[in-house]
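Chain lettering (A, B, C, D and E) follows the sequence in which the chains are written, and residue indices restart at 1 in each chain.
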Amino acid sequence: MNIDELREHLCATYPDLCPLFSIEFGDGVLIVDRGRYWSAAKDLRDLGFDRLGMITAVDGIDDFEIVARLTAREIGAHIFLKTHVPRDEPAIETLTDLWPAADWQEREVYDMFGISFRGHPDMRRILLPDDWVGHPLRKDYRDERIIRRPDYI
Amino acid sequence: MALERTPLGDGRVSVSDSDASGVRGFLDAWGSILTGLTITAASAVPAPKTLRYPFVKLKLDARWRGALRLRGVLGRDEIPLNRTDDPTAYNAMIEGLHQAERLSPCVGNCPANVDARGQNYLVAEGRAPEAFELVRERNILPGVLGRICHHPCEGACRRNLYDEPIAIRPLHRFISEQFAKVRDERLAKLPVTRVETVGVVGSGPSGLAAAFDLMRLGYAVTMYEKDDKPGGALYSGVPSYRLPREVLHGEIDDIVRMGLDLRCDIEVGVAVTLSELGERHHAVLIAAGLQESRILPLPGAESDGVRGALEFLRDANWKGEAGVRGKHVVVVGGGNVAVDVARCALRCGAVEVKLASLESEEELPAHPWEIEEALDEGVIATCSVGPVEVMATDGRVTGLLTRECLSVFDETGRFSPVFGENTTVLDCDVIVFAVGQAASLERMVDGTHVHLNDRGNLIVEGQLLTTSAPGVFACGEVVTGPGSAIASIATGHEAATSIHRFLRGEDLAEGRVARPVPVYDAYQAATLDGVEQSRRRVLMPVSQPEDRVRDFRQVELGITHQEALTEAARCLRCQSEVCVGCTFCARTCPDYCIRVERVDDPGARCLTRYELDLSKCCFCGLCAEQCPTNALVHSGQYELSFYHRDLMMFDKGEMLRDPDPTRATGRDGIEPPSCPVRVRRQP
Amino acid sequence: MALVDKIGQSLTGAPLVLTNVDALIDWSRGQSLWAMPMGTACCAMELIAASFSKFDFDRLGSFPRPDPRHTDVMIVAGTITRKMAPAVKRLWEQMPEPKYCIAMGNCAVSGGIFYYDTYSVVRGVDEIIPVDVYLSGCPPRPEALQDAVLQLRELIRSRSIAQGREYDRVYTLPLPGGERAGTTDPGRAEAADVLAGRRPKTGGDE
Amino acid sequence: MAIDIESRTSVYDEEGRAVEELVLNVGPSHPSTHGVCRIIAHLDGEVVTKAEPVIGYLHRGIEKMAENRTYLQIVPLTDRLDYVGSMYANWAYCRAVERLAGIGVPERAEYLRVITCELQRVASHMMSIGSTGADTGAFTMFVYAFDVRERVIELFEALTGSRLTYNYVRPGGVAADAPEGWLDDVRRVVGQMPARLTELDRLFFGNTIARGRLKGIGVLDVPTAIAWGASGPVARGSGVGWDLRKSDTYSLYPRFDFDVPVGERGDAYDRARVRLWESVESCRIIEQALDQIEPGHVKAPGLPRLLKPRPGDAYDHIESARGSLGIYLVSDGSPRPYRMKVRSPAFCNLALLPLLAPGHTMSDLVVILGSLDPVFGEVDR
Amino acid sequence: MSGLLWGMLFGLLAGTAIALAALFGVWWERKVAGRIQMRFGPQEAGPAGLLQTLADTIKLVLKEDITPRLADKRLFRVAPLVVFTPVAMSLAVIPFAKGWAPLDTSVGVLFFLAVPSISVLGILLGGWASGNSYATLGGMRGAAQMVSYEVPRTLAVLSVVVLAGTLRPTLLLGRFQWWWLIATFAGFVVYLISSIAEMNRGPFDLAEAESELVAGYFADYSGIRWAVFMMTEYGSVLAASLFGAATFLGGGWPFGGLLGVVALLVKAVLITTLIIWVKWTLPRMRADQLMRLCWTVLTPIALVQLLIVGAVVPWL
């Protein structure tokens, strides 16, 4: 199935997701509201997206963008599911109940960005020590132990 | 069964296997243990593959990325200059450098392989007259080419990768200006050491180049020019706002002072025949250039007001008046000649000048900087139109009927224009066709063994530049067709080599190499974000468009002495194996482990600091890859144990240590070379 | 400190005796440098390669033993993060004297490529334990590691047992179990935490 | 370290009987953790009741570092992600950059990428199989497998100038063309390889003790493998024929004829043997690539030194020795990426350990860990 | 009194012999393992690296002797001796030549089979006393394994005893006939395998499994105490090889006198090499597999072997 067929299929099944769908670099991108995130993920899973490749976040200064990449093995399509999480209340539903693969990945997002996932079975740091202060991949992370490499092109 | 693979179809193979049971399984099990014992025993029998390290050392691969070392450093080491005493050996030398990957891009991409790198080095060292002499070996008219060259060297300049290319062409002009000040001291007549003489027909750049090479080899050279002044196309075709005549004739005068016998106003074929020349000289070189403009055979092309480009330029250049004052001019063509014509027409007082070119604006064959200047001056570019008919009333031109052109080249890149339906009429009084030139050699070769082909061109043997008559050679645009001055000069040098070999009775073809030009890819322009102003290219000042359209004064005003020194110092001296302190290694290093500092006093430039923090180096090799000079290399050294971390800070002295495969010792016992104290020359 | 070192220190006034004894002891110590492979990252691959067919550490009498109690030289091969540092420190403490340390690779020497911009890397293992030989490379060749062992041998040879060993700086990474964790004691408290449902402290509390 | 924390405490089972439970701390420096992983294993006698991996001991913040480095300077960083197979991270990263910046790659460069990456697959799998041998005590197997790996490393050394951190694949091509005679060397080495691999098959996978140690250990069924996002030999060992080279093909892989080895039972044996036969298939691919490769450029011409992709994000992935390795790049139009995320297959596969370990003995725990083949540079990043 | 003196002298001799055997054994193992792994092994110290183990020993003796704070200190210190002494003692009954053994006793075979088992205690003690889970696990594994493998080992040796009709090793050596080699071949294999298991060597080195338990029961020992453990291991290899050569391979057969002693030593070295070869070829078994091998394979074979020599051979 190519990406256009995927769009048609998606639009036919879930008309409300249709206007949120776009194509970038050959992959489908679906940007949804925070409230629709979990249900959209569920809809996509029902559509055949059985593999959760990755979940990550991007610090967009004003808010965080959650990026989940899903793959439908049978139809050979990939899709990005994106949503935005406000900075002052960084929390969103977990996807572990849909794909257990989200378990560690969401812990990593929590570790690096401080976004907590509601309903996650084991929401704690994974890479950094438990007593670490701050979330390093946030753009406003400050740590006096970091020596900045001089900016020099 | 054990160790089986079963195809599952669909390109999949199952590697799961199962054990046998019962007695068979028992035997399998013990058999597998015996198999294992056999395999290990079999491995124990042959001699081990071990390297006995401290005693036997592995020969490392050439690419092994060991500790970084510098081969040479600014202020201590001279860079090699591309010069030979024997001009016929120059090309082979360049080829040798090319094979050894030591040819700098600017030299490689110049058709005549002018040593631009050496020029920049010498200029930065404050030795401009020497630079002039170095350049003159391959570029007989540095001052001229410094004004009109299309500088393929700058497109390949490594500096394009980082910011902007070196201003090689303006530096040519600068060195010629510097040389002019010391001309009387440095010019000497070249001794004639051989009995053979050579006659050269035409005094254009290619003929001069050949003559100069031959004079250096000791031949007496006589040059015949049909016009009253020498210079060929440079004199008749190039407008003087680009090339002032005193510069051209000054440089030709230098050659005459070195011993060239220049005879003007002698048209070969009229005043003297080619056969007579053949009797007078041991070899004859035809460097007559292209004399005639092509005029498209359109309906109405014979009307009054239709002109050829060469005639037009000749009028404009020699008389400063081309009969277009107050008129509307359309120039047909999109090449450099067309642009020249258009700009001359403006200077000759034309009210409005339009370029009518077949190609679209992006495809115009003229050099972009020329087009830009022309547009600045008020030339109107009408692109993607093909001329259909010259409209005339009473035999006088009133306009040009054109048709929309959809595409010029087909998929294979061949010229095959496709026209659309739309037509427009360009109203004008004068139409100048700048759509090509042709040689007119019929009169010259008449009655000789020199043959022309059907189209009136000389039949020339490829790179050897021999014609169908022995002892008669040809070079320049009669061979290459319309092209750049520097490409003509390149053929001149080749012709000189052929003539020399012919006169010595040697095999002409032996060891001659044809190197495709350009050798290196040109670079895309770099993004200039984050580039400090001090690293940018010097800006050639030009006169304002509204001023310059009024007369034929030079547009480019030249750069100052200080600017020239700074600009030459920007040169990266590619492949010279001498570090210039360009800091690109430090900028590229992902670990920020290199510190470079350099003193930039003109005349006493010196790398004062080069430090490598070996303890941070990640041996990725990006710095050595970036190094334009190849001075920074990975040595084969890998035994890098130290008793203290501070010893891992390699300073300039350690960096310059011979990268032999012995152990690094840190810094003890090595005196870093200090900067030589040089007498600063006064500009 | 080993008994012999104590004897050696008390015998400082008797150089004649010591010379021969020194030579023998230095020979045996230098000849038998069993390695504690503290391989954390890329350099560990070269550490492994060094003891295998092509390079054969065993020729030099050196081979890796995973147990710190049996080893003489800790080869720190790879990046040491803040989370890892206490473990390295404790392993070092568990090694019996005389013990040596080779910092293999630039990460262990100074943080190397991970010196700048990162928040979790210890900039050189000599921030936590004393290092005898620094070996640069990213990663160094196995031969380079063998060379480092030979250099360490030279170092051992140059030291008399009478001198003992001086560390030129104080290593103050705090450990949960007190200054000398020559025992397995402190872990128990952590384990009790685990069992009691409290989360284990995973180190890195600098 | 091995001797880090441990405790014996009485806990009570559902019926109120006292059960001696031993909490054994494996790692972070343990000979069989393949790097720096710590596993808190709860043992009932010798049987593992719960195994909790604690990772992050090699978390070096590469993703953060990438935000302050230009696109070219990140390539050496990606070398250090999966240090057993540096080529993969190089390639995945460069694919993402090429996608983001719209750079085309010359065909010869693609061939060289395929050849090096398949060689890398052999080298990486040899490390994995060898350490499976070492985990089960067959140390000589490790040595033999490493010897095969060493042959590949020698080739890489001649090609790239480094034994481990190659920095070879670059945005727009590869760093340098193959030196003269290198492709012939590859052909020679690869020609000898299948025989050597078959011998390893007989030595180790045919051995009754090894079979006893590996079979039925850490069984991963297909639904779990898919749901937990397993990829690479871990998924294929369970019979999931998910190989990006075929299922989501990229680069020149459609041009080659090769099989995908899969397991049927999903145990440690299948996973390890899949790796061995994948290496043989890699040799087939390399030979085909060597037949097809033609002279040409190895770098996209005229590439600027400083890449500045337009703002946007791109993800690209390749099949590494450990599974689908993806790089997600976000650009804000500056010469440095705004965010780089490494989708690490080893990270996802390692998450399966708590599922697979319970019920097996302590001896099997290290085998299961080894069969997941984690490389902690990539797990922790 | 003379017995005591003799005993002390023997103790000294046995200690030296084991030390020498360990020196040679370690060197030989490293050389053989090296060649199997396509490398050289020790090379630098002395000719062909012969002095390598000497250097190791001197170094180990001079190393710091750490007693962990949590260890049961007395047990911790005594455990290496408890392991070492029985193995040294067991050497006493080896019949080096026809009619000569350091300790010529009528129950010599039983002595040899029984006394080394005492080192199980030492292993258990050492493992427990270290206060370290790995060591404890290793000690447990070692104890279980050694106790189990007593059975097939004893049964295998019994077949020779039955043939010879005596438990006195010297006599046993004297009565050797060449066809015993064939008749007791299966017994020899079982003896070899169970001996390897007894001495905790690969593929049965679960107790010290490097990849699982780091170093097993001696994980917390350092310096000379650990050296004693290592010496014990090579002492047992020596003892098992010598005893196997003496019982199953006929000692000095077919030579007598001094040549016979040399022949015995050569056979012992060959058996040692075989043990090393096996260790460096095969993977390690798991505890349950080890037990299964013991009870379902080796013990029945040993029994069948006993049946053959006891019930079938007399009928021939």
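Here are a few things to note about the model shown:
Basically, a contact is a pair of C-beta atoms (placed from the backbone, for glycine too) under 8 Å apart; a residue touches a chain by one contact, two chains touch by 3 or more.
Every value quoted in this text rests on a predicted model; they were computed, and no experiment measured them.
Among the other chains, the CA centroid farthest from that of chain E is the one of B. Once CA atoms are averaged chain by chain and compared with the all-protein CA average, the nearest chain turns out to be D. Pairs D-E and C-D differ in how many C-beta pairs touch across them, and the larger number is found at C-D. In this assembly, the C-alpha centroid of chain B lies 81 Å from the C-alpha centroid of chain E.
Between chain A and chain D the centroid-to-centroid distance comes to 24 Å (mean Cα coordinates, whole Å). Averaged Cα coordinates give chain A a centre that lies 42 Å from the centre of chain C.
Spacing of chain C relative to chain E, judged by their CA centroids, is 34 angstrom. Of all residues in chain A, those that touch two or more other chains are 128-129, 136, 148-149, 153.
Residue positions of chain C with contacts to 2 or more other chains are 52-54, 56, 59, 66-67, 83, 94, 113, 115-120, 138, 141, 184, 200, 202.
In chain B, the positions touching at least two other chains are 33, 36, 39-40, 43, 48-50, 52, 529-530, 590, 592, 618-620. Of all residues in chain D, only 2-3, 6-8, 22, 24-25, 30-32, 46, 133-141, 143-144, 147, 204, 207, 209-210, 212-213, 361-366 touch chain E in the complex they form.
Chain contact summary for the complex, chain D toward chain B: residues 69, 72-77, 79, 140, 144, 147, 157-162, 165, 167, 175-176, 179, 199, 201-203, 205-209, 211, 215, 239, 241, 246, 258-265, 269-270, 273-274, 276-277, 301-306, 308, 334-335. Those residues of chain D that touch chain A in the shared complex are 55-56, 59, 61, 63-64, 68-70, 99-100, 224, 226-229, 242, 247-248, 306, 312-315, 317, 324, 326, 328, 330, 335, 338-339, 341, 343, 347-348, 350-351, 380-381. For chain A in complex with chain D, the touching residues are 24-25, 27, 50-54, 56, 58-59, 67, 69, 71, 73, 76, 78, 80, 99-101, 103-105, 108, 112, 125-129, 136-137, 148-149, 151, 153. Against chain C, in their complex, chain D makes its touches with residues 1-7, 9, 11, 21, 23, 25, 28-31, 35-36, 38, 40, 54, 56-62, 64-65, 67-69, 76-77, 79-80, 83-84, 127, 142-143, 146-147, 150, 153, 163-165, 376-377.
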